[in-house]
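Next up: some structures, all given as structure tokens.
You will see chain A twice below: alongside chain B first, and alongside chain C after that.
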Partner chain A sequence: MEKIGLYLGCNIPLKAPDIEQSIRQILPPLGVEPVDLEGAACCPAWGTAPSFDLDTWCAVSSRNITLAEEQGLDIMTGCNSCFGVLSEAKHFMEDGERRRTVNQKLAKINRSFEGTSDIYHIAHVLHKKVGMEKIREGLKFDLGGLKIAVQTGCHSLWPSDVYAVKEENPYQPTILKDLCEATGAEVPHYSRLGACCGMGGMRSTDMEKSLKLFKEKLVSIKEETDADMIVTTCSSCFLQFDMSQPILRERGEIDFEPLPTFYYTQLLALAMGCDPSQVAALSQIDRSAIIARIQDEQRLIKEVA
Partner chain B sequence: MAKVGVYVCHCGSNIAGVIDVSAVRDYAETLPDVVIARKDLFMCSDSGQEMVKQDVRDGLVDRVVVAACTPRTHEPIFRAAIEKAGLNKYLFEMANIRDQASWVHGHDHEGATEKAKLVVASAVGKARHLEPLEDKFVDVTDAALVIGGGIGGISAALELANMGHKTFLVEKTPSIGGVMAQLDKTFPTNDCSACILTPMMVDAYNHPNIETLTYSEVDDVSGYIGNFSVKIRRKQAYVDWDKCTGCGDCAAKCPAKTPDEFNAGLSDRRAAFIMFPQAVPKKAVIDMDACINCGGREIGSEPKLNKKTGAPILAPCEKACPADAINRSLPLDPGGRIKEVEVGSIVVATGYQVMDKGWFKEMAPDSPNVITALQLERIISATGPTEGKLLRPSDNQKPKTITFVSCMGSRDANFHTYCSRFCCMYMIKQARLLKEKYPELVINMHFIDVRTAGKDYDEYYTGARRMGINFFKGKVGGLEMLPEDKLRVLAYDMESAESIEYASDLVVLATAVELPEDAQGLAQKLGLQFCGSNFFRELHPKLGPVETSTEGLFLAGCCQGPKDIPDTVSQAKGAAAAAAVPLAQGRVKIEPIISEIIPENCSGCGICVPLCPYDAIAMSEWAGTARAAIEMSACKGCGVCTSACPSGAIVLHGYEEDQIFAQIAALTSGGRNHAG
Partner chain C sequence: MLVEQKKIDEAVATIIGFGGTGILNCVQCGACSAVCPGVKAGFPLLCRNLIRSLLNGQLEEIIEDSSSWGCQACNRCTEVCPQGVRPQEVVFAFRRYQANELAFSTSAVTSQMNLYETGHAVFTDPKELRRQVGLPEVPPTSAFNKQAQEEIQALIDNGPMGELGLF
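On to the complex of A and B.
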């Protein structure tokens, strides 16, 4: 079984521990053993060190990366922000001058950044290391007939130059589409696929602007795809879709019921037959109906059943 | 003792604005063997030149140093001046105190003045040792080669041919015509491109002095001005062009399809094809990369025989040809054949390509309704895939809204920083033609700036605004694919200072002009250099716009930089005139600043032979032993052999050892070494 360092971040374990559960449950059957990076600190998140001091950012990120380096492991994270922060820090550390400066700081805690660990998003691990075929083999339920609108999230796309795994065209990402289609579901295109969901700094500083942007995206999904659900590989996008749809509905700004939203590993865990009370338990939007449809007996795949 | 005259130029304020010219003159006067030192506002002016000439005529000086600008442009002027005054013109040395002092040290007047003194001292040091040299002449082959059969190449070839010079016109595709043949109409007069181009194509093809070689490429070039040997590869057409009548029956029967380059990939052509209806020459070609060998037999093998009748079973193209021009059983060489020609000068007019939309990932390149402007040109052309009707590629429906986006890949640090120059005008042309034909069509044009400099161009643009075409100033950030293959345009409008969004049925990208990929190989064969924008470099951006650093090699059209048809034709006629000069003179001068072997000193080791970048050195026999020998007409005077010769047996005239050591001595002694 291939071992990979699991960098959890804060959003997933604190706000969506069921996503963490889904990650932990699906990986071993797919041949990947997540290894906890004990002692991991904040990545550090956008708006903290990355906003004011590049060396501090790189020092904190590099310390996290060395936790994997010392075990000879690559790093995997489910959070787009962590993925972006760690990847960009690693990119900055390719500059010799920066690496010397940061390693002087790390020397005080007897650490040294070597650059030997690659940074992966869990979607990349599933897409490139596990592969579609293995995912299909691991399914218990076939999601044929269900329609999914995908939301990749910005920080696993941009800036594309610094990422170990790149989309062929970041404006038209396909990794998450492939992953969802592997479950048998249909993933129609919608025009605002590449648009921002309005989460992150915008939501904390200008809620109305954030909702305006989010609504444009949501309406494009509803009108153009009439999807049964939204699936994302970004834990922040997940929170925005789950929190903000009920707000728009309550204000009467949308005339349709909020679309149930899953993090991708939750969808996969459900399709693999995991217990929804463990892997998809927490959401503002009621997901019981769509979960029942996903795990409908009629969807059972015979060979597995 | 040499009598050196030093003449220091102010060059207006170019030099005098930084350097204390009087101080340099005063200093020059103190240098050994300097008998006269003078200064003038413009040494290259008539009065400046006269000053030098008078001193020569009066017998005051017999070596001349002008401290001014670059020898690249001005050395010939002063050489000619002293020659007129009766002095050997190679007794001249230039001290470049503009490029090497005033321009680069503009912030440090004192330092620049001191450096100018050094540069002058160095030139004087060399001048004291200069020896008279004599020009040599070689005869010229009275023929020219024009590479590229677009409007530039055709214009240059016609011009040369009309002056009476035999001209070979080489074109890589099966027909001459170039990009202009693909255009619908031309700005700013909206006259039909084919109507003005086709007669010129026919004129060129039928001209008694022009030999048109289409479906051909330049394989190798050797030699020098006046005497180039060129190997031209005539690609294998698999059709006997002596017999082909251009009827097109082979294309009608051919089942193999491949994207049609002439229609910019918007439609398919057959593997057996005639490039376009007005092709010149109108000859068929079988594209073997696209041929599916539907007849089921290898090229060069005999056909099977019908068991009943005994008649040979021919491939459809063979059977279709009424002129018997296709015979797949012939052992034709897939590499074609080489034709060797001798010419005296060469005009390169290889044209351009536009960037593919695939480069612009934010512009929904996967959508069939995002097209390049050249593709739109084919759509609105009567000979195009829709016979001139505006129909969008996805569903052959007429669009209601069409969007133009300028500067795709031009003026963009990610791709090309230069302006492609003619996109603004052709977009306005396309918009005007569409608006005239379809008044109800909504046309939105997005520009960073509208650049319509040119005779009658801005009037053409303001006319377009009056026609109800919408112009937006600001960039288009991206396109999003909407249902029904529409596109959402995400743009910024600087006039309202707002982001705008709207749905469009068809989006046209004005993609950048660049050199075609195969230009790199041609540049290597010809010894062409590239400029910062990655086009072929001209000799001088202002004064040598058609010449190159290789004598006898000239440039015309977009291979030298983006330009529209009027500018291309002007440059082509200029290049033709320049290329005709050596042909008209009948002989060309070989500068005597070349290397010469002193056979007494040569050991015959042969080290110099492979080092020569111009293949000018060969081993020969001298007094019964092996010696290196330099072919004078091929030597460019680079000096590689001179510096490499272990016996010191090679002299580079004009840069002889004592001359160079005198320069070094002057420089290393801070200009104070007056002994040398």
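On to the complex of A and C.
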């Protein structure tokens, strides 16, 4: 079984541990063994060290990366922001002078960045290493007839020159679409597919601007796809879709019920037959009806069942 | 507007010093602003507009503007820029200039404190939620790991962030 360092970040282990649980449950049956990176810290988030000092950013990111290097592992993260921050820091560390400066800082905590671990998003691991066929083989329920609107999120797409795995066209990403279609579900296109959801620094700086952007994306999804659910590979987008739809509904700014939203590995875990009380337990929006539809016994794939 | 060469030089040197090394490549084409979610949402000083202000020598004049903190760090601008400016690095360099002058909202202090004390910018006690979903209460992160926290504190203390008097 292929081992990979599981870098958790902040939101997933602390606020959405059901996403962590879904990651831990789906990978071994698909032939990947996640290995904990004991003592891993924040990537660090854009609003912290990256907003103050480049070398401190690179030092904190590099420390996280060394936790995988010392075990001879690549890094896999479920959080788009972490993926972006770690990938960019690794890119900055290719500059010899920066690497020397940062390694002097790391030496004080008995660490050294070597650049031997690659940074992957879990979507990349599932898409490139596991592959669609293996995902299909692992399904317990066929999601045929269900309609999914996908949200890839910004930080696994741009800037493509710093990422180990790239989309063919980052403005029209297809990795998450392929992953969702592997479950049997339908994934219709919508015009604001590549648009930002408004989470992140924007939401903490000006919530109304964030909601304005979010609403435009959401309405595009609803009107153009009438999806049964939204599926994302970004834990920040997940929080925005789950927190902000009820706000817009409450204010009367949308005239439809909030669309249930899942992180991709939650959807896959449900389709693989995992217990929803462990892998999809925490959300503002009630997901019980769509979970019941996903795990409806009429969807059971006979060979597996 | 009266433009002074000395002020331009100072603004450019400041931005380059904080990591916006491509600023002088900008030809003000606006491709960055066309794809920027922050510009679309209505923040006045991001991408092309911010670079124009800086290239006109404005620095202190715009220090209180919060636009840079609305940047999503999405790097769409970097992807489309035909001049290799990497506009996000300019936005972040300006943000670093603001941050090092303590010109940022008090709400941003909490995440610095969280990072320093727990190693997590976003921190809430996760034990109950983790137990509920069948995971060990303590995650394998820095959250409750004293040695990891001390390593993070050492890295922060040994840099400009440690000199701001936040911790």
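Here is the rule we go by: the second predicted complex is superposed on the first by the 305 of 305 C-alpha atoms of A that agree within 3 Å, B and C clash if a C-alpha of one lies under 4 Å from a C-alpha of the other, contacts with A are read in each partner's own complex, and residues count from 1 in each chain.
Here is the rule we go by: contacts are C-beta pairs under 8 Å (C-beta built on N, C-alpha and C of every residue); 3 or more make two chains touch, one makes a residue touch a chain.
From a predicted model like this one, the values you see are computed outputs, not experimental measurements.
Counting only touches as set out at the top, which of chain B and chain C does A:E137 meet: first, second, both, neither?
In the superposition, A:E137 touches no partner, neither chain B nor chain C.
Determine, under the contact definition given at the top, whether A:D178 touches first (chain B), second (chain C), both, or neither.
In the superposition, A:D178 contacts neither chain B nor chain C.
Figure out whether A:E114 sits in contact with chain B (first) or chain C (second), or with both, or with neither.
Neither partner.
More residues of chain A are touched by which partner: chain B or chain C?
For chain A, the partner with the higher number of touched residues is C.
Name the contact category of A:E224: first (chain B only), second (chain C only), both, or neither.
After superposition on chain A, A:E224 lies in contact with chain B alone.
Once chain A of both complexes is superposed, is A:P170 in touch with chain B (first), chain C (second), both, or neither?
A:P170 sits against chain B and chain C alike.
Which partner chains sit in contact with A:A40 here, chain B, chain C, both or neither? Use first/second/both/neither.
So A:A40 only meets chain C here.
Does the superposition put A:S191 against chain B (first), chain C (second), both, or neither?
first
Shared contact residues on chain A for chain B and chain C?
Shared contact residues on chain A: 170, 195.
Could you pull out which chain B residues touch chain A in their complex?
Interface residues on chain B, with respect to chain A: 361-362, 364-366, 478, 480-483, 488.
Using the touch rule from the top, collect the residues of chain C that touch chain A in their complex.
These residues of chain C touch chain A: 18-19, 37-38, 40-43, 66, 69-76, 78-79, 86, 88, 92, 95-96, 99-100, 104-105, 107-108, 111-112, 115, 119-124, 126, 129-130, 132-135, 139-143, 145, 147-149, 151-152, 154-156, 158-161, 164.
Under the definition above, what is the set of chain A residues touching chain C in their complex?
It comes out as residues 8, 10-11, 13-15, 17-18, 20-21, 24, 36-42, 44-56, 59-60, 63, 81, 84, 105-106, 108-109, 111, 154-155, 157-160, 170, 195-196, 198-202, 204-206, 209-210, 212-213, 277-279, 281-282.
Which stretch or stretches of chain A touch chain B in the complex?
Against chain B, the touching part of chain A is residues 169-172, 189, 191-195, 224.
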